[in-house]
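Labels run A, B, C, D, E and F following the written order; every chain starts at residue 1.
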Amino acid sequence: MIADLPLWLSILVSAFVVLGALLTMAGCFGLVRLKSFYLRIHGPTMGTSMGGGLILLASAIYFTVTRERLVVHELVIFLFVTLTTPVTLMLLARATLFRDRVEGNEGVPKRPEKAETPASP
Amino acid sequence: MRRLLPHPILAGFLLILWLVLQQSAGLGHILFGGVIAIAVSMAASAIIPERVVIRRPLKFIQLILVAGLDIIRSNLAVMSVLFHPRPNPTAGFIEMDLTLKNPFALAILAVILTATPGSAWLEYDRARSTVLIHVFDLVDEDEWVATVKKRYEALLLEIFQ
Amino acid sequence: MTGMNHIAILPILIPMAAAVFNLIGGDGRSNRRIIGINIGFSVLLLLVSILLVAVLAQSDTAAAAVYPLGNWPVPFGIVLVADRLAAVMVLTTSILSLAALIFASARWHSRGTNFFPLFHALVMGLNGAFLTGDLFNLFVFFELLLAASYGLALHGGGRNRVRAAMHYIVINLVASFLFLIGVALIYGTTGTLNMADIARAVPHIAADNVGLFEAGVAVLGIAFLIKAGSWPLHFWLPNTYSSAAPPVAALFAIMTKVGFYAILRLWTLVFANQTGPELAFGQNVLFVLGIATVAYGSVGALSSKALDRLASYLILVSAGTLLLAVAYNVPGVTTGALYYVVVATLAAGALFLLKDVIDQVLPAEAQILAVSLEFYGDEEDVIDEDQEVSRSFPAAATLLGWCFAIAALVMAGLPPLSGFLSKFAMLSAAFNAPSAPTAATWWITGALIISGLFVLIAMVRNGINIFWTSLPDDGGLALRPLEVGPIMVLLALCVLMAVFAGPALSYFADTAQFIHSPQNYIDLVLPKGETP
Amino acid sequence: MSVTILEWSLFAAQIMLGLGMLATLYRMVVGPRAQDRILALDALYVVALLLLITLGIRTNSQVYFELAMLMGLLGFVGTVALAKFLMRGEVIE
Amino acid sequence: MELTLAIAIGVLSASGVYLLLRPRTFQVIIGLSLVSYAVNLFILSMGRLRMDAAPILSGADADITNYADPVPQALVLTAIVIGFAMTALFLVVLLAARGLSGSDHVDGKGD
Amino acid sequence: MAAPGEKIRGAAWVTAVVAAILSLLSLALFPSIANGEVLISRIEWVPQLGLNLTLRLDGLAWLFAVLITCIGFLVVLYARYYMSPKDPIARFHALLLAFMGAMLGLVMSGNIIQLAIFWELTSLVSFLLIGYWYHRGDARDGARMALIITGTGGLALFVSMLVIGHIVGSYELDDVLASGSKIVESPLYPVALILFLLGAFTKSAQFPFQFWLPNAMTAPTPVSAYLHSATMVKAGVFILTRFWPVMHDHQLWFWIVTYTGLATLIFGAYTALFQRDLKGLLAYSTISHLGLITTLLGMGTPLAAVAAIFHIANHATFKASLFMAVGIIDHETGTRDVRKLSGLRKYLPFTATLAIIASAAMAGVPLLNGFLSKEMFFTETAEFDPNVFVNLSLPIGATLAGMLSVAYSIKFVHGVFFGPPPTELEKVPHEPPALMRRPIEILVLICLAVGIIPGITIAPYLAAAVHSVLGADTPYYSLSVWHGFNLPLIMSIIAMVGGAVIYVPYYRKLRDIDGVPLTRGLMGQRVFERILVTATNRWARHLVGAFGTQRLQPQIFVVIFLALAAGIAAGWARMGNLPLPQSFDPVLGLVWLLGGISALAAAQQAKFHRLASMILMGGAGLATCLTFAWFSAPDLALTQLLAEIATTVLILLGLRWLPKRSPVPESTPMAARLRRYRDVALAGLVGLGTALASYAIMTRSAPEGISDFFLANAYKEGGGTNVVNVMLVDFRGFDTMGEITVLGVVALTVFGLLRRFRPASDSAERPEQQRVLDDYAPGSSENVADDFLRIPALIMNWLFPVVVVVAIYMLMRGHDLPGGGFIAGIIMSLAFILQYLAGGTRWVEERLRILPLLWIGWGLLLALLTGIGAMVLGAPFLTSAFAYADIPLIGKVPMATALIFDLGVFALVVGATVLMLIALAHQSIRRPKVAGSNKPKQRAGTDKWN
């Protein structure tokens, strides 16, 4: 069962959790509401950055208090998420960029010319 | 020493990781974790041949703090856009020249920019040393580039080159 | 624990050790030494199995060796129960596997990757399935034997083989799901996994849960029926068996018997506690399926042109026969069925091997084989230099003809060989059971006799095609002793089983008596007073 | 009192995370392109991770920590493979 | 909670079974995965549902009524492993069949 | 190497000596038999089933034994000259001896099951003898037909013996014969009788099963003489006689046996008249005579039985001699066609004389043995019967048959030996060597002796046989040649005259006629062949097709349908009440809203949007994983998550080799849509079923089971606090051992299969994305993909050591906290996979050598050794030991053998997972080689990581 904390701590933990969840949810709603893929990739990073960070922080505080020792392994999770999310996003973005260019879609930057090939006249 | 500890930073990091995971800094854990950290970092040197050297550790901490602050700021900024009844950010692509060449430093920059809501690292062109970035709410392109260069690239250059 | 007590686990450990040896000790290429060691493992297994049967034959109570793995008390730990039934199945497996292994070592092992470890794993799975006294452990060994059989079914590659194996795999994966659901429901309603403990718990199941328990048993039954090759759950079988490499198909001859074994074991254990309409219903269903399987197998045998396909349908006929025997639920019939399972397995195995030998001496066929190997084969199909060379034998055709004839007689159940004796034993018991003859007696009689006739017709047609029209006349067919030898040994065993039918049947009669009084089994496995 | 606050706030947070998951589901189902779906799956992993953390607080248990950690560390392997398939037509070259 | 899980099991097994009955090998492999989720949850449900009762003992004198039934969990664990192996195997077999017949139909037929 | 002639002589001598010894032995036994003794010798075989090898020699058996051995001896002598040196003589003689043994076994069986066994043996040997010249199609067909007909009968007889044994309570013949009226009074009598007669009638070629016998004439003539006239075909009438005392006393017997016999008698005689082939004529004559015997046995009077026994012996002598005569004709002229033969009397005077006498016996001419038994037959048919039909049909039928037999006998004699010299023969016939005629001479002599002085020659033997059958009921009978001028004699005279009257006017027509008038349409043979060819081929294939399928989908449908039906049938009635839900967690509800929709959408998208389907499947998997966590199963959640990830990568690796997805069709055909509805219905029902079952279980209290034991003992006895892990590595470690073996086996299979993998032609090219990308950066010397992946790959490389450390961490803690070998193993392999994803196959394998097969081997070995270690210490396999070691500086460290076991699990999982994933990945780099040439590939490419 959930443990009894000092009131201010429980308010703090609650606030972190709720705010983190709100940010995360907002990011996910971004996935629904935003119109293009390049916009949508910004949504999930709210959950992986501050949203997640707040919830993990809340957890760290909560367990540090209830276990009466420093519980910091939430940091590890935060680090892992921070390191891994960009990998997927970069690959996805590259794939999309590539495909948009091949399909000749509008609103996508031209492919960078190779240094060896002379610039178009 | 070099053969035993090809990646001292990595080994140290792994030891810390071990201790955090064990939630204990007892002597047994330190000894055992140390052995594991050294062994694993040796094994990893097959995959990661380049040795990473952090020249300015303090600057590294500064970088983390700066990035953290920026992340909080942009989180709030993006959220305000998203909770708008009709979210209509002025997004755009930016092609940015980079002075930074060290791949490890570039990776850190990529992680920071991508982890920050509102900016995403798309495509790095090694031949021309440019990167294509997508920005969620782009007001002034030049100012944005200047900010990145100042806040991150400069620091990274100091740390790694 | 004395060394003798470990005999129950050795049939599982020896093949496992053999598989491990091939992974660590083998250098990827099979040479004579590796082949020799592999056969050595198999011989060791055979010796242990013979010892196991002998030990059980000595004990006058048909008592089983109960082996608590990890030394945990029954029913909490997994327990091996080596009773006579299990021992006989293990011995049959050992004989068949040794024969198939020797046969394969002449050529087949070099036709694909990792033949030996997969082969031993299959044997390990089979023996485990026969020996375990734990329902979930049975699932694990089922999966093991299936996994190995998937690999072996694919051994050698080729389009037909792959397609047949794919069907085989999908159906058996579905069967595995059914197995799991069945086990889960049984655990959910009885709270235990040990087979003896389940049997003990059946009368104590909460009234509300009885239906769920029976649903679990029924679903489990379907899973077993798939493995047992019952109509209409067996359509994968003829394709799989007939497209498998011959030594593999030979070993597969015992795989459907695992389904039979499981059905028999659980049938006698779980249903013995019931007398009501459930038993009659289950009996009827099994009986109808048995009749249908026999009928389908017989008709399929008639429709088969090639010998391997015919042999696959013969597997179905024997599967159906065994289902009928289980459904008849009389110790005497079970006695005959146990005798039958041994000889039918050995003969079917011999038939699959024989088919391969015949293919090699049939000139036209042999060419087709070579072409297909060239097309599908890999560099591994290039025959090793150190493999067994064929030699020319006088009267080779006669020898093969005799082998074929014996196998045909056993499979068709014609006198005077063991196939006939087993059918006689079953039918005699069926007629002399209390209140017999009933309608079921006539059905089982008709099924056994008419299927025998159909098999006879099919075998005669095949035999005539092979020996009287296709095979060149005597005077030096090239045969490999390593290939013909195992076939002859298997068939000689079928003959010996006929000669010594008396002692064999009394062993089986004791076995049947034991499994038909489940309280014996329960008392043996569960120590008195320690039931939870 | 503080328990009640925590309980309700955690409940609220979990509901929000659950709704966030449904939002990712929308993208996974609707697409329109594969990369949208993959992006949504990647986001879903993060939300699930956070849900586990809140579950840990709610049950006062650290049992779920490793699960969350592995979601963070390895959850992306699947999405990277998907993304790479999209980009290169095969996962491992 | 029981109802939620029961419905979940039902939906998973229904979608999985539907896919198992489809003609394309890829559909079958997805179906196998979905059915195995369903079966694994089904096994778990046989131990009855307990929240916050992971069978991790707090020590030698732990009260055993505080923990969920570990037996179904052990079974599911084995089942997951075997399921993973079988999925891999089926995948490779379907690839081999596809390579030999040119088709991804379960019967190797042309499209 | 012996010359062919020597071989013949050698083999023939052996057989002849054996036959001679046997003949003498049987003859020598006569004194005892004549005393009414029954000689019995018994070897126990399967005593518990009442099946023993009992040899029982009484009068009847003795009579048959003498026929078998003596005629056998004569046939061997005859065959010595008949067979060609080119024939495989050893086989012939071996089979002949085998037949003799089987036949002796049959007649001397003192056990009725044994009788059935020898019965089938005679059929089997007969099959081989008929097919002796198997290069001839007609020989093969004839052999097969004979075997199938008589084999079927034999099986029927076997069942009949089972029934009789059941009625009597014993399979011993003595018991059966002593059972009095038990059998006829049993309600099972009709079944037993019909099966019994099926056996007897098929063997003795009774109508309508007669047709196999003429076709069996493709056998060498000695075989025809021996098996198909003298002995084997008599087996049917033998058992009719043998069981006559205990079975004849029933209306059913009378009607079936008598009239089958009569029909056969007339049909055989009638058909014989129209045969062109001499052996065919003799074959139908044999059928007819067997019908005569059967009729006699059917009539049920003791006198008729006497006549039957007598005729058995008589027929054997004259018919065997006739066959041998035909053999000589065939041998000397090269034909048996009655149209080509004529006037042979001049060329073969001795043979002609012998054949004429034997034919006369066959026709029932006085002073020959055939006359005597035929007179007895006529006498019996002429007995008054209150039933008018019987009273008329028997004598008229008998006389008619007599006429016909006279006619065909005349045809035989006249057609072959008289008339103008033959014109169509290829060679001039000569008398054969005298020794070849000798057997015929002996037999004809017997015909004469018995016919003229029966009282001296045959009477004592017949008496012994008759007595053994009829015992106390033996009637008075007279064997005198002259019984006075009575009705039977009138019948004989009518038959003689009538036969001549039939033959004389029509002899040319009878010679040239093709086929049998009137009964041409009534060809049992044609029916049989139709059935054999059509039914066993086409019909069988249709049946197999109709009640089976080669397609996978219907198979799966049936399996699932049956499982559902079985579950419902077994469980529905006693399902019990379902309580309403007690609690509802909205968060879990949301999770399953996600999971459920994901699953449904995955199912819907799987055909046309594979990637989408996989992604959605990931959603369902994640929901499953969360549920495991929710309901207190952290180990399951971990395993589920990792297996899910590995599966995703795996399927993606495979996806590259599947065909391009086809576009969504605009419309679906009606049949397909209906099929889909049907599948949806089944799937829905399965879902409903599993949901109900699980709901029912979850809402009811758990039975008292084994689980408490594990909770109570995991720590105390197993040394770990993670009960699930202790179960896996200790309580149920054996399961785990099996499970890792499965994993290893599957990995080996995958590896083996992929070594010979051939991509389909449309997948062999590089993927479109890569080709476009190469165009996109022309002239770049570096790996384009490497450049594109550079930064993500760097991060992935750096994650390698991190993941490895996490894997070790999860491995070490598993015994006490969620984790363990399997989980750690997959984590470890994902660490490797990540590197392959980042750098590609070549890149990784230039840096790391993983050797997965060795990991698998060592993993299994570790697990095995852990178990065996306990055995060495005297405990059962896998018994664990644990202790807390106090290590300086480090403190208390748990040391459990179960951890070593878990280490084995770990190694195996790493090896297996990596092997499977990498084997798949390797196909991409093998591709160019495969496409490039048909030459065998190098091993090196695959061995490097092997």
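Everything that follows uses one rule, which is that a residue touches a chain if its C-beta (ideal position, glycine included) is under 8 Å from a C-beta of that chain, and two chains touch if they have at least 3 such contacts.
Since we're looking at a predicted model, the values are computed, not measured.
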| item | value |
| --- | --- |
| Mutual neighbours - chains that touch chain C and chain F alike | E |
| Each chain counted as touching chain B and chain D at once | A, F |
| Farthest chain (mean CA position) relative to chain F | B |
| Selected pair, greater C-beta contact count between B-F and A-F | B-F |
| Relative to chain C, chain with the most remote C-alpha centre | B |
| Inter-centroid spacing, chain C versus chain A (mean Cα positions, whole Å) | 57 |
| Interchain centroid distance [CA atoms averaged], chain C/chain D, Å | 48 |
| Chain D and chain F: spacing of chain centres that average the CA atoms, whole Å | 59 |
| Multi-chain contact sites of chain B, meaning residues that touch two or more partners | 17, 21, 110-111, 121, 123 |
| For chain F, residues contacting two or more additional chains | 550, 552, 556, 560, 614, 630, 634, 655, 690, 693, 697, 701-702, 705-707, 710, 731-732, 735, 739, 742, 746, 749, 753, 769, 773, 788, 791-792, 795-796, 798-799, 802, 806, 817-818 |
| Residues of chain D touching at least two other chains | 14, 19, 21, 38, 40, 59-60, 63, 69, 73, 75, 80, 84, 86-87 |
| Chain-chain contacts as defined at top | A-B, A-D, A-F, B-F, C-E, C-F, D-E, D-F, E-F |
| Interfacial residue positions of chain D with respect to chain F in the complex | 11, 14-15, 18-19, 21-22, 25, 28-29, 31, 34, 37-38, 40-41, 44-45, 48, 51-52, 55, 63-64, 66-67, 69-71, 73-75, 77-78, 80-82, 84-93 |
| Of all residues in chain E, those that touch chain C in their complex | 20, 25, 28, 32, 35-36, 39, 42-43, 45-47, 71-72, 75, 78-79, 82, 85-86, 89-90, 93-94, 96-97, 100-101, 106-108 |
| Parts of chain A lying in touch with chain D, wherever the complex brings them together | 1-7, 9-11, 13-15, 17-18, 20-22, 24-25, 27-29, 31-32, 37, 40-41, 43-44, 47-48, 51-52, 55-56, 58-59, 62-63, 66-67, 71, 73-74, 76-78, 80-81, 84-85, 87-89, 91-92, 94-96, 98-99 |
| Of chain D, residues touching chain E in the complex | 59-61, 63 |
| Chain A contact footprint on chain D (complex, rising order) | 1-3, 5-10, 12-14, 16-17, 19-21, 23-24, 26-27, 33, 35-36, 38-40, 42-43, 46-47, 49-50, 53-54, 56-60, 62, 65, 68-69, 72-73, 75-76, 79-80, 83-84, 86-87 |
